[in-house]
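Okay, got some structures for you below.
Common to both upcoming complexes is subunit A, partnered first by subunit B, then by subunit C.
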Partner chain A sequence: MVGYRHHQRKKTGDEMQKVGDFKLPHFFNYPPYFTLQPVRDTREKQVQLWKELILDYCRSQKIFIIGLDEDFPLFTNPVIERTLSHEAREVFLSALVSEGRAEWIDKGHKKCLILWLRIQDWADCILNFVKENGFEDGVMTVEEIRSGIESRGTELAGIDRTVLMRALRLLEQKGKATIFKGTSADDEGVKFSA
Partner chain B sequence: MAGKWLPSVHLTGSGRPVFLPGEVESFLLSSVDLESEENPTLPPFKSGLLILTTHRFIWIDESNGYGVAIPLASVVHAFPPKKSIKSMFSSPRVRIQINGHGLGVGFGSTVMITLVLRGKNDPEAFFGRVWDAMRSRAWENEAEKPGPSDSKAGGGGGDALSSGIRMAGVSGILRKEQEMWESTDKSLQEAFQDLNALMSKAKEMVTLAEKMRQKLLSGPTQAAGPNDEEMGSKQEMQDWLLSVGIVSPVTKESAGALYHQQLARQLADFVKVPLERAGGMIALIDVYCLFNRARGTELISPEDLLQACALWEKFDVPVMLRKFDSGVMVIQNKAHSDEEVFARLKTLVLKPDALRKGISPSDAAMTLGIAPALAKEHLLTAESKGLLCRDISPEGFRFYINLFQDVDPNDIYTVKDHGLFSSWFSAITASG
Partner chain C sequence: MRRRPGISGLQTAAAARDQYRLLGENVAKIRTDLMKEQLVTFRSQLEEFARKHKNDIRKNPAFRSQFHEMCAKVGVDPLASNKGFWAELLGIGDFYYELGVQIVEICLATRSHNGGLINLQELCTLLCQRRKTARDSVSEDDCLRAISKLKALGSGFEVISVGKKKLVRSVPTELNKDHNAILELAQAHGYVTVEEVEKQLLWSSGRAVDTLETLLKEGLSMIDDGHRDGKRRYWFPCVASASAALGTEALKT
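And now, the complex of A and B:
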């Protein structure tokens, strides 16, 4: 029996559906996952599973903004031919917003900023980065943090500019960084003081 | 049994009397006592429901579920309620003189029985109906006729009713007396006669409806229908109709304030058979159609039906009204349990095919043997209990076993080795 179970698990691992290099959970092929469930307990569980999946996916793919009316790979499953309704998309993203894991960018709820790390977590992440690379009391441009050699392979690579600025401002409030404003956005600089 | 000095009548499960062939109710009174004035040793029948029919006085004790009857055939004379100063302060009394031999309980040649009308009702109107019933002698018509279908061949039921007045013997003299009494208000009498004509016609209409029903039943067997399934359901419908003809419909006119109570009891008796066939639950709208078709004439309104069903709570009947969240109303056996339905739905939804594709209301309807609309209500109830969940797509509205509770949100990728989720997963992977 043990051998059989082991075999089965291996097999399921092989067949796991993917979007790009992202492995999808098995319930992605469960049709009711794509219909907004009306019963409260069931809906709560469904919303929870969607929140986990959206955060996991965005983090692995470094996606910061989801447009509700745009094609988003998670919202459609061509294998079972199911697509989330607009209402369902808004419900799942709103659930993230209410937990502080996302923010609506516009009043019309057309675009949503996904915070798979909260601003506070991003700020901690920047401080770690600064310490590891010995940038204490040094000066960096904002662009260097986003796409410099040092940030390659870290969580900070490719970070959304708005998210980065908010994390930096949080550090500034705490007296751990100073932002220098240049004439254009490109030459904004940061001085860290650890 | 010593107390029951009158012949008892058979009652249905919900407390309605079982009528004789051709017997029709004509008046109902609540809170009526039956007493024997001459023989006070006979215990009186206290505070029961009195039903005057074309054939009998039926007295029913609703709380204890028994009843007695006095055949009109044995009534020699009926005395109207007295009008005097004294009677203004006591309950009206109608006295009837009965041929004791007709009762067959060892009475003398004649017995006086007093009906004490304690309820708020119209004794004059009641007495009028008693006279009408005695005069039309419907029990004799029944005895002469071999069967109801021969009434047309007999040369008009209406004539037979009016010619039933015979002018011989003591009863003939009494009837003459009664005619004199009636002539005191001629215009009123004419009005009554119109009503009588209408009532005798109503009976003909019932006979006609019965005939048509029989024709309908024999029709489809000869004609080859294009759609076998439709034919089947038609025949089933006629089966139902045939099995549940209602001979004496409770009407607003006959029952007055008691109308809905009596209707509720009659309805409870009526729904037994269709309810059994429908598997313990039947849509209210279906009952409405079946019930009115069984009545033939004296149709009831949807509002009456609803009120009658609402009264079931007060009676000890085996059926109940149920309203689904969607607003759909059904009648169901009290013994009917949702758990049983859920268990069957669960078995259905766990079949490998259903795990992959879900089930539609019509799939459930076929398994449960009920109407798709009702099946959908069951599915929605099961959904609200968390057993099922829905899938809406261009292919339609389908239900799946609820797997949401079976996934650990902290580990969304692992399939547990047992449980619902793993059976679903083996089903979808087995299909390739």
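And now, the complex of A and C:
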């Protein structure tokens, strides 16, 4: 059984193209998916596939912000020599925005915040983290949540500061946390109350 | 002296006719009985054969195909009804109905990608993946049989031949000769350009563009403007190999 599974993995590894340790889906190698499709049904399918790919990729690589005019591994496939046009990038990201899975950071739609977890989910994630580590009624700095030893290996490690603050503020509204100014000017502290 | 026809002569003739008829009926009856007997024997032989090779028929696609051929030759359709003797004995009726349902599911799941036209080979691969059985347990022949049963539903499932490939159509789109010609041309690289169509098929530019636009609208084609040469390519997921894997992804979601 083990041998068989090993064989399977090797096979898929050979077939699929990868960026780092992320396996790219097969449609990524099919050139027309890099051109916005004019026919409605086909376009819907195309947008759906791209939305899923962007979320999966950002989650696996912990990417929170995509710059539309910057080099982004998903926007170009050197193997088939195709690049998404600016319009296509905006269409796919806008589709995520309309579903609440992304937000435009600027009015010019140049930068996009990707919420592979919604703020609410991030808040739940923090609560779990707090419970697991026994930080109920304890105090932590925001920086500690992002890069402390406890968060290492969890979804919270390396979380975008803006996203984290919004999740914390949501918890504050629910009376489960209190945010206060920390000792250093650029850091803030949180007191959890489970 | 010539005898004139009399009443008794006519009666004799009528009696003889009756005798002949009776005899004839008897002979016919004996023949029919004999035939019936032979048929019964044959049927029981076929049944015995089927019973004996039940497992082979179920498990081995090549054997199954040959069994079907044999049945077809003697005018027996084991798939005619799910309640008949054959279905009860072999359960192959269920097998094909199940295949049919799975084929419909795959066609629906991949429709947005391929416009409702799928390569038979690819369909078969997806079917095997979906059934999670050994790759050779469902043959293309089985797929064809299951699809032929789907026709009874009037759902517009049809197998069409384009070039060397067999494509399964699950949408009511009528493909005319022009469409087929393009699909055949696309089998070489998975795509065509207007220029290629004009050159290879010796068509006017208008005819090429019209046909390609129709295929595009039907969802059978996708455009690709990303090539360096700037020429628009019309890709056909139904003939491209890359779509096989794509189909599996579609099924997962």
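By definition in this document, the second predicted complex is superposed on the first by the 176 of 194 C-alpha atoms of A that agree within 3 Å, B and C clash if a C-alpha of one lies under 4 Å from a C-alpha of the other, contacts with A are read in each partner's own complex, and residues count from 1 in each chain.
The rule we apply is simple: a residue touches a chain if its C-beta (ideal position, glycine included) is under 8 Å from a C-beta of that chain, and two chains touch if they have at least 3 such contacts.
Just so it is clear, the structure is predicted and the values come from calculations on it, not from any experiment.
Clashing of subunit B with subunit C is the outcome of superposition onto subunit A. In the superposition on chain A, contact of A:147 is made with neither subunit B nor subunit C. Shared-chain residue A:23: touches subunit B; no touch with subunit C. Contact with subunit B, but none with subunit C, is seen for A:53 once the two complexes are overlaid on the shared chain. In the superposed pair of complexes, A:45 makes contact with subunit B and with subunit C alike. In the overlay built on the shared chain, the residue A:34 is in contact with subunit B and with subunit C.
Once chain A of one complex is fitted onto chain A of the other, the partner contacts of A:162 are absent, as it touches neither subunit B nor subunit C. More residues of subunit A are touched by B (comparison of subunit B with subunit C). Contacts of A:193 after superposition on the shared chain: neither subunit B nor subunit C is touched.
Judged by the touch definition given at the top, the superposed model places A:128 against neither subunit B nor subunit C. Residue contacts after overlaying the shared chain place A:120 against neither subunit B nor subunit C.
Under the contact criterion defined above, the residues of subunit A that touch both subunit B in one complex and subunit C in the other are 15, 25-27, 29-32, 34-35, 37-39, 41-42, 45, 49, 52, 81-82. Within the complex, the subunit A residues that touch subunit C are 15, 25-27, 29-35, 37-39, 41-42, 44-45, 49, 52, 81-83. Residues 5, 8-9, 11-12, 15-16, 23, 25-27, 29-32, 34-35, 37-39, 41-42, 45-46, 48-49, 52-53, 56, 81-82 of subunit A are the ones touching subunit B in the complex. Across the interface of their complex, subunit A is touched by residues 112-113, 115, 191, 216-217, 219, 222-228, 233, 235, 237, 240, 242-243, 245-246, 249, 253 of subunit C. The touching residues of subunit B, counted against subunit A in their complex, run 358, 383-384, 386, 389-393, 398, 400, 402-405, 407, 409, 412-413, 415, 417, 421, 424-426, 428-429.
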